[in-house]
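The block underneath contains the structure these notes are about, expressed in structure tokens.
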Amino acid sequence: MTIKVTVWGENVHEKTNKVVARIYPDGMHNCIAAGLNEDQDIEATSVTLQDKEHGLTEEKLENTDVLIWWGHAAHGDVADEIVDRVQKRVLEGMGLLVLHSGHYAKIFKRLMGTTCSLKWREAGERERLWVVNPGHPIVQGVGDYIELPHTEMYGEPFAVPNPDEVIFISAFEGGEVFRSGLVYRRGNGKIFYFRPGHETYPIYYDDKVKRVLKNAVKWSQPEGSRWIDSCPCVPADQAPNPIEVKGEGLHKPGEEGFK
Amino acid sequence: MTIKVTVWGENVHEKTNKVVARIYPDGMHNCIAAGLNEDQDIEATSVTLQDKEHGLTEEKLENTDVLIWWGHAAHGDVADEIVDRVQKRVLEGMGLLVLHSGHYAKIFKRLMGTTCSLKWREAGERERLWVVNPGHPIVQGVGDYIELPHTEMYGEPFAVPNPDEVIFISAFEGGEVFRSGLVYRRGNGKIFYFRPGHETYPIYYDDKVKRVLKNAVKWSQPEGSRWIDSCPCVPADQAPNPIEVKGEGLHKPGEEGFK
Amino acid sequence: MTIKVTVWGENVHEKTNKVVARIYPDGMHNCIAAGLNEDQDIEATSVTLQDKEHGLTEEKLENTDVLIWWGHAAHGDVADEIVDRVQKRVLEGMGLLVLHSGHYAKIFKRLMGTTCSLKWREAGERERLWVVNPGHPIVQGVGDYIELPHTEMYGEPFAVPNPDEVIFISAFEGGEVFRSGLVYRRGNGKIFYFRPGHETYPIYYDDKVKRVLKNAVKWSQPEGSRWIDSCPCVPADQAPNPIEVKGEGLHKPGEEGFK
Amino acid sequence: MTIKVTVWGENVHEKTNKVVARIYPDGMHNCIAAGLNEDQDIEATSVTLQDKEHGLTEEKLENTDVLIWWGHAAHGDVADEIVDRVQKRVLEGMGLLVLHSGHYAKIFKRLMGTTCSLKWREAGERERLWVVNPGHPIVQGVGDYIELPHTEMYGEPFAVPNPDEVIFISAFEGGEVFRSGLVYRRGNGKIFYFRPGHETYPIYYDDKVKRVLKNAVKWSQPEGSRWIDSCPCVPADQAPNPIEVKGEGLHKPGEEGFK
């Protein structure tokens, strides 16, 4: 069955920076979507910050199996209401791939609960992303490592919770290291953080980077059922064991809990 | 060395509900602090929602090793700025104990990244909190289980990330079960969620509940050093390996990263 | 594609205990396999302790996607060599479902690294297995809980490493609780421990228990590729960065590492 | 209170290899113990493979808070009975530091449940161990990284279960990376794997390496109480809820469970 992917692009530097505009004339989001659409099991479309509701309407999210997030300069412009909506869908089971500078996106910080900070340097240096587990579905077809000739450096400490598994570790020409592929499960959503993607280099045209994104889309698609959580009150007469109501309560019958 | 504990109390039901006022005439926060102060290694004070900055000024938090949080009816009244401040201190290493209905506190949802919802029922039923690991520091002195004769029921599913360890599992008279003691590490802060504490019952006078809180304060006190994370740019001439700056960048030298 | 399942049965009590023989005249392993074969995507066969190499020849394991393990009285009779072989296949990606008293099977203790002990009682009491996450693939179709009218009790503490997720928590008529469905990943193998299955009750005829086993087979089938790990020496002239061999070594070129 | 440390040394290469004998004339174990004894809170002694019961008698282990393990050429000569004994003490709460080639020690593979394999190369190349979390107790006093001018390379994939936290990541001169400091909790024992230590270089004289070992000893010392787990049968008349024995059982009253 076709996996429906929505690629969310900030689409700011493509308009304001000549280097980025030259490398990604149609925007990074469209380049990423085009790469995914090479795979016939994937149907990827793109939306941007500038679209109504940033393109992430209830209906669009209902029809998204996996969301990909690329943002950098305008994290603060993303409406909290949309972040709430995306978080809800991830917890229900939608996959989420967060790319590069998306480590500081509101949705990523929201799901991690930490600062998500790191060290960085722009020197156009070489990066090698080493595969930590050659049997993982996400790394199939990439060999021992991915080599990117020119990129921005991200260095440890990367202030995130301990992941379920480290998929890639990067070594940079300047000497630093970084956990550059991390997987998490939050609610029933599978989350993959993937470091490559600095906008001043043609990273999303790289075959191995495209391979990882295709693999990650397949790995993160929803499984199980969609569960809407709701904090329900279970009336005493519906308890599995018969119980008699005792003592004093705060809530009247049928009243909702405090949030 | 003395461990400095701040007990944060919402202090709303104590003023508005006769049952709660009768059981906790000085407020739940003061009852909890008094229980902790029985231990000479602990120095506990209390603050409330109604205090200036909810009592959680920069200075107060600087002088807090472990923060205890009890809230229920007024989670929405806690200022986001104070939540930011508490989160920052937890990530730096301050311990955090979240009690009962605090599962829906902004600070707990912030650190978990999930909804933190559950099932509930007010029927004054019996709860037994079973110890899952008798060797854990938090459960010393409580035996096989804690029995509370009358309490509110919380039932699974409890929508939180997988904890580092389940410390207690509760069985309720009505039949439901709940993971009622959970530990997490976020940044360098140790977090303990502990379920007991419904305000219409004298739970915080219970000897075993007091014992768990004392143990948890000791377990969650800061260790290691305080690390202020900051997303620093590492200049190319400070890289461990000599590198030549290549390619095109977005940032001017010394410029801060986007947040 | 069809998932190939091998059900391993100890097949001792079926021969030596009249109660067990009456309930499972063809052996528990065949009852479990028959339940799985109701699903057209699954092709389950069974083998037993008494078979040559316990039925787990290299060839059989090569052709197994998911192995199910039921043992109780004769854990000690399983040859270590066969345990090594099963462990290797799990780490390579074969799914493993360990049932009931299999908590003490050599292969489970091997993969956990802990004692895997618990409390127990045979009193034919009622058990309810509560679903901890209604959205998980393993619990689809079972509702809020599974109720088994008569079973053996297993109680906490269950001495296992913290699981990746708790899927079920049981409450017993006598009052105890138990984490009765746990998932782990070791290497690329997905492991599911599932408590139900005491041999003196017709547990494996229960529709919800059968549903969970079918779901778990699908959840635990291999994904990604098979990776044979081997501790290879990387010659200096194959390092990604050119390096000159310096200093003094222990090993001669091409020599294997110590094990 | 003084922390009692036992340093276990294989003590083979010190006797058979001239390079190792020159660098560690008193054996690596004594060098490691001497480094720890610089700290007045630590009292370290050493034992070796060649000692009776490999120096790890019941009495010695009873009096050990933290055990340090260095082995390489003779993993297979360690008696399984001693491995059982060490495992039991770790699960009860004894700290365990496993060094360098100890990744293949029986006790480490036992506690991990995986192969613990990796890539390696002896070329005397430079290693930098980067600190992943500057606030962790284990890394206090080491700065951003530890640099070792000459060492053996270990490279990913390192076939271990996902750790509780990655403490160090190494970058090697030849380009490879490795998770070189990992923490686990198994039972109530804290485990730290620390990569440095190739015997043909004077690694254990390095001030930062010594600092890490001192820190790790303090971090891994026992906390909580010692729990001896035993798989007890809970008689029906001792269940918290009154229950009537029903159905048919396998065990006679008072009989032990199968192991």
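When the chains are written out, they are named A, B, C and D in that same order, and each has its own residue count from 1.
Criterion: a contact is a pair of C-beta atoms (placed from the backbone, for glycine too) under 8 Å apart; a residue touches a chain by one contact, two chains touch by 3 or more.
Labels paired with UniProt names: A, B, C, D = ThuA-like domain-containing protein.
Everything numeric in this text was worked out from a predicted model, so none of it was measured.
Chemist: Tell me, please, which of B-D, A-B or B-C gives a repeat of the A-C interface, judged by over half of the contact pairs matching in residue number.
Modeler: Overlap exceeds half of the contact pairs only for B-D.
Chemist: C-D versus A-D: which interface comes out with more C-beta contact pairs?
Modeler: C-D
Chemist: Roughly how far is chain A from chain D, going centre to centre by Cα mean, in whole Å?
Modeler: Distance between chain centres: 36 Å.
Chemist: Nearest whole angstrom, what separates the Cα centre of chain C from the Cα centre of chain D?
Modeler: 27
Chemist: If I count partner chains per residue in chain A, which residues reach a count of at least 2?
Modeler: Correct list: 128, 133-134, 155, 157, 162, 164-165, 175-176, 185, 187, 227, 240.
Chemist: Using the touch definition up top, name the residues of chain B that touch chain A in the complex.
Modeler: 13, 17, 19-20, 72-76, 87-88, 91, 101, 104, 110-115, 117-125, 150, 152-153, 155, 157, 159, 161-162, 173-176, 185-187, 199-201, 227, 229-236, 239-241, 243-251, 257-259
Chemist: Across the complex, what residues on chain B touch chain D?
Modeler: Interface residues on chain B, with respect to chain D: 92-93, 128, 133-140, 145, 147, 164-165, 185, 187-188, 219, 223-227, 240.
Chemist: Which residues of chain A touch chain D in the complex?
Modeler: Residue positions touching the partner: 128, 130-134, 155-158, 162-166, 169-171, 175-177, 179.
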